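For clarity, chains are labelled A, B and C in written order, and residue numbers in each chain start from 1.
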Amino acid sequence: MGGFFQVAWAVAGRQIYKYFTNPAFLAPALFPLFFFVAFAGGLTRVGDVPGFDYAAGYIAFQYVWALLQAVSMGGAFTGFSIAGDFENGFARRLMLAASNRYGIILGYTIASLVRATMTGALVTVIALVTGIPISGGFDLFGLIGLAVLVNIAATLFGAGVAMLLRTQQAGPLIRTPIFLVLFLAPVFVPLNLLTGWIETVARLNPFTPILTAARGFLAGDPTDVATAFAISAALVVALALWAVYGLRRAEKAG
Amino acid sequence: MGRDRGIEVENLVREFRKGPRAVDGIDLRVQPGEVYGFLGPNGAGKSTTVLMLTTLLPPTSGTARVAGYDIVSEGPQVRASIGAALQEAALDPFLTGREHLNLQAALHGLSRKERKRRGDELLERVGLEDAADRRVRGYSGGMKRRLDLALALVHAPRILFLDEPTTGLDPQSRSALWSEVSRLAREDGVTVFLTTQYLEEADVLADRVGIIDRGKIVAEDTPEALKEEIGRPSVEATPAEGVGRDAVVRVLGQFGEEIPAQPGAVAVRLSGGAAGLADVVRALDREGVRVANLRLDEPSLDDVFLEKTGRSLEGAGEHEEGEDMETAQA
Amino acid sequence: MSGSSFLTQVWALARRSIVRTMRQPAVIVSALLFPMMFFSINASGLDAASRIPGFPTDSYLDFAFAFPLVQASLFGAITAGSDLARDIESGFFDRLSLTPMRPVALLGGMLAGVVALGLLQGVVFLAVGLLMGVNVSSGIPGMFVLVVLTVLVALGFGGIGAILAIRTGSVEAVESAFPLFFVSIFLSSINLPRNLIEADWFRFVATINPISYLVEGIRSLVITGWDAQALFLGFGCAIAIMVLAIGGAAASLRTRVA
């Protein structure tokens, strides 16, 4: 097992070094920030709809979604760089050198977490500047915990797709499903105010309970916490298997 | 054809915002019906010169007349008289060869009937009849260059500019394009201005060659005269087994100065020309020096380039910046 | 050899630009699919917004229908702009410049392609929207006006795409302008009417953003019927953007081609 962690640290170290030498390392925060500004700024009156009962207010309601989007995009971007590493041949060298190849996945995941911490912090700073109230106190750790799990899940998903395709063309195939999962959830109003097909889809979307619980933590009113953590953990396990499948396919392709 | 006056260039200069003068005061004349080869390494200023002569890039100073028209003040007349196949084979991957020709012909004002006739004729001429209705995306490099040439010929120009027409092509496609270009010059009397980084291309096609290096023309004449100017051929001998290299040097040294040779071999530049080879053979025989191999090398345009610039043409451009298209558009 | 007539040139170039677009099914599909997907998700997700006191209609679907039309024009503009930039990058533009083509004909051909794609999108979106239950208050004549206004918007954005392409000559530069356009759509009255935007700075931005008036013009035909003021502002803005953008593009072209 020594090889496993050694490989992981080596891969993570290189990735993290790459972020901080490249000014584009905050790029995954761009769209979440933009949506946050557009929705939290333009749609505040939606909080006045009868039945909209979220204690922390509409800006906070949108902040949680933006935060989870930022950490997911952090994972997606890690997927892009894995795809890039395969295309430019770096990954081949990595595969040859690594004594334990599963360490490669862990390494990328660690790097992705570091990156997501930065992007998440950026979104949070902007949100604090625009004045979200923090009423959660100790519950905020619950919010952070969910954000970490969401980032890991998105990273593993992206890693699996990237290793299956091994070209930059993997980009849209990583991004589009993540965007769909994020948007087919109660983005603008709580689940109880959704109607029609979107309600059905949102109820089935595993991201919905995570989002709801995360919003609860911020408002100091944790709801369905066990369900949310159980679903996140299950997603991480399932997507870890998916990433390992991708790695095996990449090994076979040589 | 009264105005067919070839190409006259006087002290043409092009500077880009950063970097040295890409074209640094060149003068040249191309007679009507002549094939002029403009030879130089990458970044020497060849493409910049062509862009100026085809009115696509204004010169910084100097003048040039193409087909008797000034390239600055009479752009439309120049453009009507010339055809040009410019470097990247600029084609639309989603259109077919025939559609390209049709578009080009329409812009030149050919009637619908003429367009069809001219298109068929040119497709046949460059051997693309079978591929005419396929999208260019699937064409090989050679096919793209041939289509490029056909497009340049749509309006039957008297003067043709070809900017590195065979760069990146395999030998077969290259020689096919060469024969088409010589046919245009010999049979149709088209004036051809051709840039190339290949010695062989200039040697085969051009009536006259101008050698350009770092924006300046360093030599200009017929390929034969240029080679004669350096003049003398060289002879290279490899000693047979058991024969000392010194013995060979001693014999060959009587016929000219020693020049660099293959490992183990000896080469001299013959002071008496190619006829001296017989004397060399006789002398080796007389002195009993046996050789495994004896070779006569005619001087090449590379030797000319070496003589004029102190560098070999192959690889001379490698450490210089490419022809700065980006800066040209900045 | 006499130069061809201006119209022949425009037609030849327009045909090329339409043919090449039609041969890229991926472009067509994404131009039709993405705006409708976004519309469908957005309209259902924000359906509850129609219950905000003072909301001008009880169907958010009707309210949001302007969104895919404006977004589609934007897509079309970016596609056309990057096509033009690619022509410049590849040297295709140089090849055309060596013919007696009038530079403005090139712009005309490109914009004809924009109009064709805009028409296709307008008609398809209208058909799909009606199937989804959008109710156009101004009736069939209103649908006609709606498509016309959409095409004018597409022409204006197309002109901006052309300016970017001609000035930079770089596909990457044109495509990196896309998020900017996208942001400016959201910073308008696209999601809520201006009087229901609470944040002062946002309402201010939406009020000075001409896209708000394009959106409100299109929207008035759907939710109100014939609203002279909204239509006047909508057409006024669309025509002003179009004239400025296409004029600017033509001027940029003239400086590029000596």
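Following the convention adopted for this analysis, a contact is a pair of C-beta atoms (placed from the backbone, for glycine too) under 8 Å apart; a residue touches a chain by one contact, two chains touch by 3 or more.
All values reported here derive from a predicted model rather than from experimental measurement.
With contact taken as defined at the outset, there is no chain that touches subunit A as well as subunit C. Centrality by C-alpha centroid: the chain sitting nearest the overall protein C-alpha mean is C. The mean-CA centres of subunit A and subunit C are about 33 angstrom from one another, to the nearest whole unit. Rounded to a whole number, the gap between the C-alpha centres of subunit B and subunit C is 48 angstrom. Chain geometry summary: the mean Cα position of subunit A and that of subunit B are 57 Å apart. The set of subunit A residues that touch two or more partner chains is empty. Against subunit B, the residues of subunit C that register as touching in their complex are 1-5, 8-9, 11-13, 16, 19-20, 23-24, 87-88, 90-101, 169, 258.
Subunit C contributes residues 41, 44-49, 51-53, 179, 183, 186-187, 191-192, 196-199, 201-202, 206 to its touches with subunit A in the complex. The touching residues of subunit A, when paired with subunit C in their complex, are 30, 34, 38-39, 41-46, 48-52, 183-184, 186-189, 193-198. The touching residues of subunit B, when paired with subunit C in their complex, are 54-56, 58, 72, 75-76, 79-80, 82-84, 86-88, 90-92, 94-95, 99, 102-104, 106-110, 135, 151, 155, 329.
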